[in-house]
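Shared between the two complexes below is subunit A, which pairs with subunit B and subunit C, respectively.
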Partner chain A sequence: MNEDAQYDQIIAKIRLKSEVTLTLVCLDEFVSNFFIPNNNVNLPQLFNKLPNEVSKLLIEMFLKDPVTPENKLLYKSKAEALAEKLRNCNVVQMTLAFQPDETAISVFSDWIKKNVSVDTIIDLQFDQSIVGGVQIVAGGLYKDYSVRKNLAGRFQIQREEIMAMLK
Partner chain B sequence: MKTFQYYLQTTEEVGFVEECNHSIVYASGLPQTTIQEIVMFESGELGVVLSLNKNQVEILLFSNYAVKSGTRVTRTGSKQEMPVGFELLGHTINPFGHPLDIGVTIEKPKTSRPIDINPTGINTRKHISTPFETGVTIVDLLVPLGKGQRQLVVGDRKTGKTSFLYQTILKQANLGTICIYAGIGRKKTDIKKIENFFRSANIADNTVIIASGSEDPAGVTYLTPYAAMTLAEYFRDEGHDVLVVLDDLFTHAKFYREIMLIGRRFPGRNAYPADIFYTHARLLERAGNFLLQNGSEHAITCLPVVESVEGDIAGFIQTNLMSMTDGHIYFDVDMFTKGRRPAINPFLSVTRVGRQTQSPLRLSLNRELISFLTLHQRLESFSHFSAEAGADVKRTIEVADRIFAYFTQGASDVKNLDLQLVIFGLLWMDHWKDISAMEQDITQINRTYQKSVEAQALIKELVNSSKTLNELLLELRKRQETLLNVLGLQVVSSANI
Partner chain C sequence: MVVDPITLLFLTLAVLVLAGLLVALVIFYTRNSHQLHQAIELNSHLQTQLAEKPVKLLEQAHTKSMEIIDQANKHANEILASTKTYEDTSNQGLKDKMGLLEKEQAEIFAKASQEMKTAYQNMLSQIQEEDINSIKSMTKEIQSDVLADFKEFREDLEKETINSEKIVKEKIDEEYLAIEKELDDYKKQKYQKIDEDIYKILYRVSEIVLSQGITFDKHKQLVLEALETAKKEQVFK
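So, the complex of A and B:
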């Protein structure tokens, strides 16, 4: 499997923006650690902070062979390339009225990755005041499908009807 | 302005602040935004889109408070606009039409206009043909202006530029012109002084002060002269002649330089951005004499001010402005220290279109006066060598001294143009030998002229009946006795030219 395919595989498993941030932190720590002489940091442990599937893929990619002075730079460039790809992922911001569980997050992510693109990740926000539904921000566009907006629209119509009746 | 949520729901576009550097903000998103569009931040601050990059939008912030990274920003769908209307007369406002004084409310005008527009083309413009009175004798006689002229006022600080502007505004406001004073990056106390001057001179109803303080954000200061022009264009279209004073464009250039350097534009000469000439030229081109759609002719006369440093009028901004205006009035620091008030140097001042508006009498007087003062200047330089001066030279120097004394004028003293011509005629006839007597008489003449309808009629008749200075002098000699009686002066028999 070539490197690009490996990166895509990792990105496909990343669902949320918070996971991207965490992965970037881990990659940064990983690269900086093997340039410290005589360090005893357990590198596999670093990736364990990440979701299982991502962690597994990263370990397979970077720690299949031990880090030696000879392959250090190669690993560094791989890690940087992956970090760059992660930074360039498309972000869809979703604001929900409830805190979704892992299953719900996976359902959202799978749907988006299947219907939009594999490198699209979700930036999940939580705002009770929208009552229900969702607010979506993608590519600078904003769409409000929240219950709050629908109710506001409905109330406005009702207000106008009442005003018309009273006049 | 409405709320952030309102604009977000209406435009359905959002961006996120990625970087904030003083008054420049870089944000991602906002795919449909355009240059000059007003944007609103989640925190309520406003900004204007300066430029569009591939991934980012560059926004000029109209706030002293920085916005946080990650703050949402949305489009408003409107360009930079300011409310315009007669309701603003007599008020001091900022470039957005809001009153500067706390507690003051202005009835919001119904119309609003974009602040930064391109100047209209040549087909809307007319030849400058009407004289513009400043009420300052030396300017009206030696550097005459026309309505619609753009005349730069240049000079060191504290050389009397502001007094000249006050006098011009006072004169024009009394003649019915709407005067707009744009104070660019001025101290609050200065603005207050101007406001008080307008009130005390009873011209507040004909004036508007658009001001930005030195503590205002750079973006607001940058917009001030454009806002003044926008308001002037509104009054012009409503059928009024307008005078716009831009005080001063050197400060404006400095604020623009600050914005552009923060915005990472490549610095040019004196670190000013490459488009500084365009920025000012685009502003000053909005002044002129215009032919309106209804066939009437109305002018926006513009007096931009620029400060020089240690008498150096060859600075970058100064020369730029000289080349884009129709002349300049130079306030000489040396003349100021010699006690000349106003300290205008007639030899270094230029008017390119003013003379074409002058009556034959004023043109003739102007020519005579200029050649006399040039001769005097030459003779004065000889007199420095302690050479014994002949009778002719002595007489020339004496007359010149009287002329300069006649030009001396107080800061709130404005003169009538016709009266100036007649007084000059008397002076040229050697009616006065003694300067102090002359000054007393001139004060008396001015006082009488204000009150006496007969004096006003006689002076008008004298001026209208003469086409050249010689004709005026002949007329004055003929009717000297009557004139002096009407003006309340003593009759002197020995009047020789």
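So, the complex of A and C:
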């Protein structure tokens, strides 16, 4: 498997912008440790903070072979290339009215990666006032698919009927 | 003091007569004095002549002149005496006449006073009667005038009252319409505000009810539906 395929595989497993940030931090730490003399840091531990699938892929990519003075630069180059790809990922901001669990996050991320692109990640926000649904910001475009807006629209459209019911 | 004109005339005539007599006496006296003066001159002339003629002639002349003088004096005294007598007589007559006149005048005055009193009383009675009639007439006129004025005043007052009532009624109607309009506007504003408030409250209640009523799975479903809609609307392009 070539490096680009490995990068895509890793990016495909990263769902959220927060995970990208965490991955970038981990990669940075990973690379930094190469140049610390007499460093006894357990490198695999660095990736444990990440989601399992991402962690596994990173370990397989960077720690399949032990880091030696000879391949340090190569790994560094790979890490930087991956970090660059992660920084260039498409971001879709989604504002939800509820705190989604991991399953829900995965469902949404799968949908985004399937219907938009694999390198699209979600910047997840929480706002209870939207009642339900989602507000989306993608490619500089804002769309409000919240229940609040839908409700307001319905109230606006059916205002007279609603007021007649109230009276 | 009231002096009777007749008495006054009589007294005036008496004074005039006496004045005339006095003037006559003065004239007579003056004439005699003149004659005396002429006689003295003549005497003087004769004396002058006698100074040239014999003393006898002078004496005769003197005697004659003396006689003439005596005769003139006597004559003058007589005239004065007669004048005095006439004056006394005239005074007495005048007094008598004045007393008589005074008496007559008193009687005339009394009679005239009585007549005047009677006439005055008659006139006073007549005037009183006329006054009473005038007052009665005036009273009636005043009464009719007052009644007419009062009637006119009442008519004017009624007109003014009616006009005032009309103006006030128009004013009240205008004010009523204005207030009614303001009230309608106010009610509309309030209704609108209440509608909006109720609408907001209902909207907020709906939000709360919906947010509490939406299940987790429903949330997920809503998000996925929204994503599908976004895809259809090409939000991700």
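The criterion applied here is as follows: the second predicted complex is superposed on the first by the 156 of 167 C-alpha atoms of A that agree within 3 Å, B and C clash if a C-alpha of one lies under 4 Å from a C-alpha of the other, contacts with A are read in each partner's own complex, and residues count from 1 in each chain.
One rule holds in what follows: a residue touches a chain if its C-beta (ideal position, glycine included) is under 8 Å from a C-beta of that chain, and two chains touch if they have at least 3 such contacts.
No experiment lies behind these values; they were computed from the predicted model shown.
Visitor: Looking at the combined model built on subunit A, do subunit B and subunit C fit side by side or clash?
Guide: Fit: subunit B and subunit C sit side by side once superposed on subunit A.
Visitor: Return first, second, both or neither, reflecting whether A:G139 touches subunit B, subunit C, both chains, or no partner chain.
Guide: A:G139 sits against subunit B and subunit C alike.
Visitor: So, A:V116: does it touch subunit B (first), subunit C (second), both, or neither?
Guide: second
Visitor: When both complexes are superposed, which of subunit B and subunit C contacts more residues belonging to subunit A?
Guide: Partner touching more subunit A residues in the overlay: C.
Visitor: Considering only the touch criterion stated at the top, classify A:P51 as touching first (subunit B), second (subunit C), both, or neither.
Guide: Neither partner.
Visitor: If we overlay the two complexes on their shared chain A, which of subunit B and subunit C does A:K149 touch? Say first, second, both or neither.
Guide: first
Visitor: What is the C-alpha-centre angle with subunit A at the apex and subunit B, subunit C at the ends, nearest 10 degrees?
Guide: Nearest-10 rounding gives 40 degrees.
Visitor: Let me test your reading of the model: by the given contact rule, A:V92 touches which partner, first (subunit B), second (subunit C), both or neither?
Guide: After superposition on chain A, A:V92 lies in contact with subunit C alone.
Visitor: Nearest CA pair across subunit B and subunit C in the overlay: distance in Å?
Guide: 10
Visitor: Is there a shared patch on subunit A that both subunit B and subunit C touch, and which residues make it up?
Guide: 139, 141, 143
Visitor: Once bound in the complex, which stretches of subunit C touch subunit A?
Guide: Contact set of subunit C toward subunit A: 195, 198-199, 202-203, 206-207, 210-211, 214, 216, 218-220, 222-227, 229-231, 233, 235-237.
Visitor: Name, in rising order, each residue of subunit A that touches subunit B in their complex.
Guide: Residues of subunit A touching subunit B: 137, 139-144, 149.
Visitor: If we count contacts the way the header does, which residues on subunit B are in touch with subunit A in the complex?
Guide: Subunit B reaches subunit A through residues 8-9, 11-15, 28-31, 74.
Visitor: In their complex, what parts of subunit A are in touch with subunit C?
Guide: Touching subunit C: residues 92, 94, 96-98, 100, 104, 107-108, 111-112, 115-116, 120, 128-129, 131-134, 136, 138-139, 141, 143, 145-148, 151-152, 155, 159, 162-163, 166 of subunit A.
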